[in-house]
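Take a look at these structures.
Shared between the two complexes below is subunit A, which pairs with subunit B and subunit C, respectively.
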Partner chain A sequence: MNIYSVAYKNLLRKKTRAALTAGGIALSAWVLATLLGFNRGYENGLNRDIDNMGFQVLLTAKGCPYEAATLMLKGGTGLRYMPESVVKTVYLNPEVEKVTPMLMQGVFDPNKGENGAIAAYLGVDALTFPAMKGYLEFKQGGWFKDNNAYEAVMGFEAAELEQREVGDKLLIPGVDKELAVTGILKRSGTQDDGTIFLPIGAVQKIFGKQGKLTGLGIKVRKDADMAAFENKLYDLPDVQVVSMAQVKTTIMNLVNSARVIVLGIAVIAVIIAMAGVINTILMSVMERYAEIGILKSMGAMPLDIFKMIWAETAMLCSVGGAGGIFLSFLTARVSESAVRYFLPYAPNGALIALDWRICLFAFLLIVVGGLLSGVYPAWRAARVRPLEAIRIEGEQ
Partner chain B sequence: MLHIRKFTLFFILAAVSSNTFAAVGCDLNDPDRDVVRLFPFSTGYKTRYLSIKTSGGEKQLARVEERLGDKFRGLYENIEVPYTLYDIFRGTETLGYIHGVNQKGEYGGIQVFLALDRRGAIKAFYIQKLTSRSAKELRSKEFGAQFAGLGLKDFENYSPLSGKSPEGSAVSGIKASPRAGKDFFSVMRAVKKNLILMNEFVFSKREK
Partner chain C sequence: MMPTMSAKDLSKIYRRGSEEVRALDGVSFEARSGEMAAVIGPSGSGKTTLLNIIGCLDNPTAGTLSVGGEEIFGGRKELSEKELTFIRRRIFGYVFQKFYLIPTLTVRENIMLPSAFYKSSAGAKSPDDVMKLLGIDKRAGHLPGELSGGEMQRVAIARALINSPKVILADEPTGSLDSRRTGEIKEILRELATQGMTVVMVTHNLELAKAADRVIELRDGKVV
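Showing the complex of A and B:
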């Protein structure tokens, strides 16, 4: 029988205590892995959402920058209008690869729900918008070809709600205009799923907004100096520049503040778990004082005792750490939904991105933390004097 | 109470596979408010999620289509559609049920809810969402009142394909202006389908 099997058998002697301690370690490993996964998942999701927009800069009429950023990421655009001539002005810049004009319009539909709701339509350019949104695939049909046609392409969820298929008619309430559905998009997991796209010319005509836009998406050349280009755009009158880099930084700053607090809680959870480990192992050492004394009198060296106690700690932490990481995989979807429920903005896709590196890091952190916690109890056990231990046991 | 229910629902929804949501369901927008409006004396409700796929499968689908007198059609009307059923209580006593179905209309989706008593008779009729030139008429109290007291037996001889029912029957008395056109027939089909599904999901099982 080697030292590790002795350590293993020792743990089994107090099963409940060992299980509770391993449970505490598992919980802290779960919190740690989930949080690290969230850190990675949120940033990945945000990058993906921004990439999926197809453009790096959005121009809107002047307004609140935070509101514009949020509206944009949620599929809306500015609330004011800018002249269509801005397209030509922007396109003259050598940094620009592509531009796509947009016009968002909403109408109040009194027949949605008990109190009515807003139905929104996004007017897009038939030539440039589909090219920028290359990731969008069709379940049925395709994009409209004419910017003035009374046609519509519906996002997956918008089409489900309206029970529309290609060839069906769609009525814009309030303005009483009929559109023909030319395409139904596949689910993309982005804000486009809930959007109804119309040709921009048709939206301008239907809503009487000829020559007006609410947004201009700009795709910048890869070698362009973004900062210099943005500075040029700031010189344009009455428009607001929302850079995706700014949006990302703003959102990440907001999320980071919350993340620091949650990470603090995770650290506390790990410290509590480590205190639990010290308590459990130390208690186990105290209970086996005489036994350790006998082992030493039989020839066990202090290093052997130290290794035996440390092995117990390592086993507890390994089982707890592995259990916690398994739990984080098991509950990733529930945790993700909880995060989505409480966060004002959460990107699409997996919010908790667990991979082997995160798991390994969380596991090692827990095991190393546990081993450090086990140093003191192991050291105390190694220092036991055989005769003294046996005498104390005899007196009891 | 609302928060507990939302929280529970959210956990259930989070735990189940995304495949469950391959087809769109029909929920009340604000159940706390709508349940009290449709059942003024109710004190609570319980939400159940059902589908033909899980309730009876292909056999049940065939039976529903036969009773309806029409096939399930299009992208969104299929065996997987999840239906939300609200059991309405007054204390521990069941007062009735609220159940809604989605129906393809001429210009958009129509969500038709029926509040049924314990025997399956219509207590209240509610169109939650409707895109139609006759939306105001079809969502009016006067139009909805024509359904009060009717049940599945009254709709058994109504044909959604022809939009006709035997002369003199209670259903033949349900009228809408000619302007309502196809959407009126869509609403009638939705009501019949709703009653059939309620019979399949609740009443026929209770009889057994």
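Showing the complex of A and C:
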């Protein structure tokens, strides 16, 4: 028999009240852990997406930088063009290790979805693009060998959606050109899964865009001075330079603004839960006023009573905190779907990355917050004078 | 026999605004080991104030109190809350009219409750022995809600006994019980006194008072 077992049994007196308070704490722990997991997951995902692009700088025709960022990450189709000669100009820079030209085209496909949708085709160089995207593996077949062949390589999801296999034909609507599918990629967890790759020369020919590009991916040498190199690129006429660092900063700035608001909500949720803890424990102390006085008359010191009440608070917060973190694991996929629905851009992979550090941090924050909330009720209980308690007993 | 408890000229004066209330006025008495003393008197006569002072829950304004030859109050400064608590731990066991058992603790756990806060210097009794003495050993695993009023008071007495006190102080110990249970509790208190403890009880119950070896009747804060 010790103070902590007495505290535990005290919590069992009003089970519903204790459960509701622990539930409130669990909800705030769930919000906190999920948001911290989202912070981590989003940043990891963004870094992963950017690393998987295979290049650190993208040149596009001058235009809106956000459009350019979208072009890089999602395959937008509101397109401007730059001359193909820019490939040679850029490649002559000593900082450049590799370049790969790209031409993206989109056509309206009336058979896509219920009401039709834009079908996007990314024209890539058969030699340089596969070298930059070393992580891409084939489920079937392989890359096209000729930049002018009417062939296609389909991302995993694109192939599933179109129900195509190697050797099948793929019709580009509107231009009525048939392509032979030469390869189906394995799932990569990137935007490439939904992309249909064509030889760049074929895309230029089919869509009448000879000598034009929508993008140029640049892989920079490891020892290169990125800032100096980017400054050089800014001098090129009619092109826009988008570095991965810029893209990441731009997106993270947007996400950070939302994150501050959402974390503010999480803090409010924690504060409300802690107010609930104060209310519950204080109410419990007031109900047991006489009994606490009797315990003191039996020899309990103020510190003993403080410890007992504080232990009740700690147990309530620990159970609620642990429950909330468990809940955040259980609902991570559902939360992720909801976040994806509301965000204009969400990177691939797990958006809510919960690990032991996040769980421990959320748990400790809840428990420490709870313990701070429990100080006042515990102090009030410790100050109960046995004589007053006995007097109250006599009056009742 | 050496008196266990000796009170001389105990006074307690409260201030109520500008008014001075003399709750105890020069109360003196003795109670020996093995003796059962009853404090009786009408409401407001100072019974509970006397019990609070001799039970070290409050300091007297004047007078002396010694227990087992040890002077507790007497001419010195007021004792602090901490000092009073240490004395209570060593000397007293308390029994209250409303039992104050914790409803989620079993009989055994309620009896052992004081040991959750401190270890008695006199040595704690075995809860099994105490339960057997009070005839509640078969109820060890029950919760207070499953007991009768008489059984609950036995548990409260057992809780008071667990740390081997020299003095049992009981405030209206039969106030919530019917006459049959009152008789049972009377016998138990008598048995405790026979075992060498001093039992001091405040009561309105004349039957219980008649069973006492010594009756201290108070009126307006004075012994009559």
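Everything below uses one rule, namely that the second predicted complex is superposed on the first by the 386 of 396 C-alpha atoms of A that agree within 3 Å, B and C clash if a C-alpha of one lies under 4 Å from a C-alpha of the other, contacts with A are read in each partner's own complex, and residues count from 1 in each chain.
To be clear about the criterion, contacts are C-beta pairs under 8 Å (C-beta built on N, C-alpha and C of every residue); 3 or more make two chains touch, one makes a residue touch a chain.
Nothing here was measured: the structure is a model prediction, and the numbers come from that model.
When the two complexes are overlaid on their common chain A, residue A:G23 makes contact with neither subunit B nor subunit C. Judged by the touch definition given at the top, the superposed model places A:R333 against subunit B, while subunit C stays out of reach. Contacts of A:N111 after superposition: subunit B is touched, whereas subunit C is not reached. In the superposition on chain A, A:K169 makes contact with subunit B only, not with subunit C. When both complexes are overlaid on chain A, the residue A:M298 reaches subunit C alone and has no touch with subunit B. Contacts of A:P83 after superposition: neither subunit B nor subunit C is touched. Shared contact residues of subunit A with subunit B and subunit C: none.
Of all the residues in subunit A, the ones that touch subunit C in their complex are 1-3, 5-6, 9-10, 12-13, 290-291, 294-302, 304, 385-387, 390-391, 393-394, 396. Within the complex, the subunit B residues that touch subunit A are 10-11, 13-15, 23-24, 29-30, 33-34, 37, 74-76, 102-110, 127-133, 135-136, 139. The touching residues of subunit A, when paired with subunit B in their complex, are 109-114, 139-140, 157, 159-165, 168-171, 173, 176, 178, 184, 333-334, 336-338, 341. Of all the residues in subunit C, the ones that touch subunit A in their complex are 48, 52, 55, 57-58, 81-82, 85, 88-89, 94, 96-98, 100, 102-105, 109, 112-118, 159-160, 163, 171.
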